[in-house]
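Shown next, in structure tokens, is the structure this report addresses.
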Amino acid sequence: MAKKSNSLTYEVVKGLWNENPVLIQLLGLCPTLAVTNSAVNGVAMGLATTFVLLCSSILISVIRKIIPAQVRIASYIVVIATFVTVVDKFLAAYTPDISKALGAFIPLIVVNCLILGRQEAFASKNNVGRSILDGIGMGIGFTWVLTLLGMIRELLGEGSIFAISIMPESFNTWLVMILPPGAFLTLGIFIGLSNWINERRVN
Amino acid sequence: MKLLSFKKGIHPKEFKYFTCNKQTEVLSIPDEVCIPLQQHIGAPCNPIVEKGDEVKTGQIIGRSESFVSSPVHSTVTGKIKTIDSYLHPAGTKTQMIKIQRTGDDDWQLLDVPKNWQLASTDELKSIVNEAGIVGLGGAAFPTHIKLAPPEEKKIDSFILNGCECEPFLTSDHRAMLEMTDEVLDGMAIIMKVLGVKKGYIGIENNKPDAISQITRKIQKSDYNFTVIPLKVKYPQGAEKMLIEAVLKRKVPTGGLPMDVGVVVNNVGTAIAVANAVIDGKPLVERIVTVSGDGVTEPKNLMTRIGTSFQKLIDECGGLKEETTTVYMGGPMMGISQWDLSVPVVKATSGIVCRTDKSTNGTSYPCIQCGTCVSACPMFLLPTKLARYSEHKLLEEANKTGILNCVECGSCAFVCPSNIPLVQWIRIGKLKVGEMVRSKN
Amino acid sequence: MKTSAKMIIVLTVIATLSGGILSFWNGITAPKIKENRLKVLKKAISTVLPKYDNYEELKLSEEITLYIGKTLKEETVGFAFKAKGNGFSPDLTLMVGILPDFSALTGIEILEQTETPGLGNKIEDDEFREQFVGLLMGIEPNIAVVKNRKPKNPQKGIQALSGATISSKAVVFIIIEQVKIVQNLYNQKMAGI
Amino acid sequence: MEEKVIKNDVKVKPKKNPKDKLFKLDRQPLIISSSPHLNTTDSVPKIMWTVIIALLPAVVLSIYYFGLPALWMMSTCVISAGLAECLMNKLKGEEFTIPDGSAVITGLLLAMTLPPSFTLTSAIIGTVFAIVIGKHIFGGLGFNIFNPALLGRAFLQACFPVAITTWTFPKTDVYLSKIVDGVTAATPLGLFKFEGETSDLFNMFWGNIGGSLGETSAISIIIGGGFLLIKKYADWRIPVSYLGTVFLFGAIMWWINPKYPDPTFHLLSGGLMLGAFFMATDMVTSPITPKGAWIFGIGAGILLVVIRLFGGLPEGVMYSILLMNAVTPLINRYTRPKFFGEGSK
């Protein structure tokens, strides 16, 4: 492959900030906005997505050479859908509360453009090792943003983090933060801040 | 009675009191004049004299073959000193002829018929052309072209522009009072040339003495002109505004007054026409208002073209110590001067000297107050145009009508944020004009 | 020709594998999921009915199943059933407990709701739900929903949640409507037997 | 670099830049500037401070009716608005813009829209949101799409929906003795929407009703608003079309079904007066074209009545104005006045 290859460490690290799926690539914003009303949901969504991402990346990287280009998207979708269903059933069986909270957004991981995007952009062009590293990096990058979003929204919206009360009793919770507009606001500020930081780093 | 006017526009403070009651004084003929070869819109003239030549007052010293042009005359009797480029009051350096006066006026007059009323239209037109008459209101458009509209444009009305809506300026006001006969004769000549029966004189209501004087003279004469007192409003003197106010006709966008069958001329132009046709005198002098709080003794001066600003200002007692700005023309559209050696040109209606420091306060961002929109007499959106110009959105600017701007400056005048709106629009207009031309 | 054959083969293989994995996984998780659901249902029934020892299911229609709570002495202590309707947002599902003669409520539980967090979703709070215990239904129930104060007669009125009057009213409305339907169905069923 | 070249290319001659002075020997240099050389005396700070003065009657009356809490509320909002403004100036590295008065107006207007019993810390959150997100994130004065005060209020409404709809009665209220706990009261609109009770129009006119600080007394707003209209610092078309539409539309609905409140009630209740005279007329967020101003007012009026009569909320002033704010750029675009002479002949 003529493409210049990054160091192995960078394949993992890039997902955390430089090519962060949410902040930089703006991928997978739908679940980011929808389920981050608490830290637990953020973590769960992040981990579920990471699992699907990682598994699909491995599988697709393995079979990348035998899939004809014409049906690659269809194949990816089937692979991804399989893993998503596995996660969905798992959560419903063992953590029914989280399953209820995340609702339709777990099945919707199938159409999360982050996952399909990584298959198309990375796993289908790189070997298994790199695909694993990329999947891990992107997954962690996705998870930490969702978790932080969830933490902030939960802190302001409910006065707690991971359901542990933090704020004093007198704190008036900001209802909007656990509503969809709060997600837009927080994410907007997040992306704005990350752009600001990157700009300052460049200068 | 409700006074006629156009829609929108502004009401700047007038400041006419400096000079409006002062009899015009004749400025002594200067020892040296500097005559720009371009004092009009159109092609510049070529010198037809050489260094060292003797010239008479009124002798043509420069002319051009192109259609849109107007000859220039020597305004003194003397000897050509140099032909070189000097600073023009418009701010650029242009070719000028410097003439050293050698003695009293020795006039070289034009050939004129004994009775202009019997003369042919073409004869009159050529006299106007030879006399180097241009629009003396400030635009300096060659008058003989205005007097020769294309066949298909039927002209039915003539309006004499006596609005003088710019603050400070009183030269037209004084001319109407002191040279009423010439004004009316000049107007009659122009109307004869145009073959127009209906003549109107539009005068802003802040000159009641001029209105009554002209009305009286018309009653005594055979002329059948209508004097129309107008509401005091800026830019009443802009052709399109004046036509709307007087005749309720709207000049179409991108059109000229003749598209609605009207020709408009300034009071000063009428006087120049009368002088040329009746006395054979080319345009060598005009009334210049020297005014403002920056000059010791404001005056109206009958001045030879080519006299330096410095001489006029000296005649008025010189600039005050605290004077900060001097501009040619009124404060709304006048051009700043930094060197007072520049000569009076045909379009110099006034020299205004100010000590005012408040012309520019702090600038604020546009707060979308819409004041400029309600001021713009051309019904444009100045704030948008300025923004488009600033960001080089020329297509947008063109669509939003930037070329319709008459640059009257009303928008910048009213802007509470002190944004240089008309200034940006001027730049935009230039660029859009270029763009449009390059497309065609 | 060759590529299309390859396409078909590859897709078929992937789809088959996927189906296999999923059916295997479903086999593991399905019982667990069913168990979870049952747990939720049981908990809801026990919340809305007074003390009972076991319950029977009675299918009234395609959608409505009546859970009849009975003591060991076969004494019926109350009925419970699911009531669906729209709140401020759609899809509000309640578990309603009522005395066997349909005269008064014995309690309610919110099974599913998508009301506004922090406002409408306070219908889940005990404080709000407990107001429904002992609420008189009668033939033409007349329940007042009042704002900012306690109802004059706690058996005939509910204090709305502040800021969520619509959700509060919706709960009352769903209950009134569904109780009537269930009562009719039950009476028909009894008469039919 | 490229950027800079372009900038210089079209740079306007600075009006008064001492470096541009060209020296003439015997006297101080003359200043070069491009015409016009005259300016009105109006300036942005003058407009802003006049608006603040116009708000004073309402401020005084609200302090009279609600006592010191009203004063605390307003001063808290104004001060925190000022501090937030300074903070943003500092972060953006620009000059302090407190003197232009716009931050003070935002703070004051926001305070006027809050109930007197609202907690001060929450009010600070709203004010900071209004200034930081509502104004500076959009680019500062003149660039914001939404009225910052209303945006702040909308944020508070979303954050603390219960607290912001809990009103106290004015201390002079004649009905006070009837209130059992004496803490909460409903606004006339709330009473109408949820209880079907009408309120005394006379009390509504003078402000002797429950409600937010600035929305109770119609008369004080009319005095201040009238002053603004006379000074021409507010476009008369907006309040006229806004109030007129509410009255007309309200009257039609009342005529169709008398269970809806009568149009006078619509005019005097809620924040309509405050909104019509001080919020909708906010220059930055309202259309610049005359026709646009009519559309803006009529649109807001229709939205208001629709929200009040058919919406879930008793009051619709805030959302009606914010929604019209959102379409203002569009209105500006499609209501360009006909150029002088356009289409003639």
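Letters A, B, C and D mark the chains in the order given here, with residues in each chain numbered from 1 onward.
Going forward, a residue touches a chain if its C-beta (ideal position, glycine included) is under 8 Å from a C-beta of that chain, and two chains touch if they have at least 3 such contacts.
Just so it is clear, the structure is predicted and the values come from calculations on it, not from any experiment.
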Review point. Compared with chain C, which chain's mean CA position is the farthest off?
Key: B
Point to revise | Of A-C and C-D, whichever chain pair has more C-beta contact pairs | key: A-C
Review point. Distance-wise, how many Å sit between the C-alpha centres of chain A and chain C, to the nearest whole number?
Key: 34
**Study point:** Centre distance in Å when chain C and chain D are each reduced to the mean of their C-alpha atoms
**Key:** 46
Study note, to complete from the structure: Whole-Å distance, C-alpha centre of chain A to that of chain B, is 71
**Study point:** Rounded Å distance between chain B and chain C, as computed from the means of their C-alpha atoms
**Key:** 87
Point to revise | Per-residue multi-chain contacts in chain A, two or more chains | key: 173, 175, 179
Study note, to complete from the structure: So chain D residues touching two or more other chains come to 161
**Study point:** Of all residues in chain C, the ones touching two or more other chains
**Key:** 118-119
Practice item. Classify the chain contact graph as line, ring, star, complete or other. Key: other
Check your understanding: In the complex formed with chain B, which residues of chain D make contact?
Key -> 6, 10, 12-13, 15-16, 21-22, 24, 27-40, 42-44, 46-47, 100, 140-143, 235, 283-290, 293, 332, 336-345
Check your understanding: Which of the residues in chain C come into contact with chain D in the complex?
Key -> 88, 118-119, 147-149, 162-163, 165-166
Check your understanding: Along chain D, where are the residues that touch chain C in the complex?
Key -> 161-162, 165-166, 180-181, 184, 186, 194-195, 312
Point to revise | Complex interface listing, chain D residues touching chain A | key: 119, 121-122, 125, 133, 137, 155, 158-161, 163
Review point. Mind pulling up the chain B residues that touch chain D in the complex?
Key: 12-13, 167, 240, 244, 250-253, 255, 259-260, 319, 321, 323-327, 329, 331-340, 352, 354, 356, 358-362, 364-371, 373-374, 377-381, 383-384, 389-390, 392, 400-401, 404, 409-410, 412-418, 420, 422-424, 426-427, 431
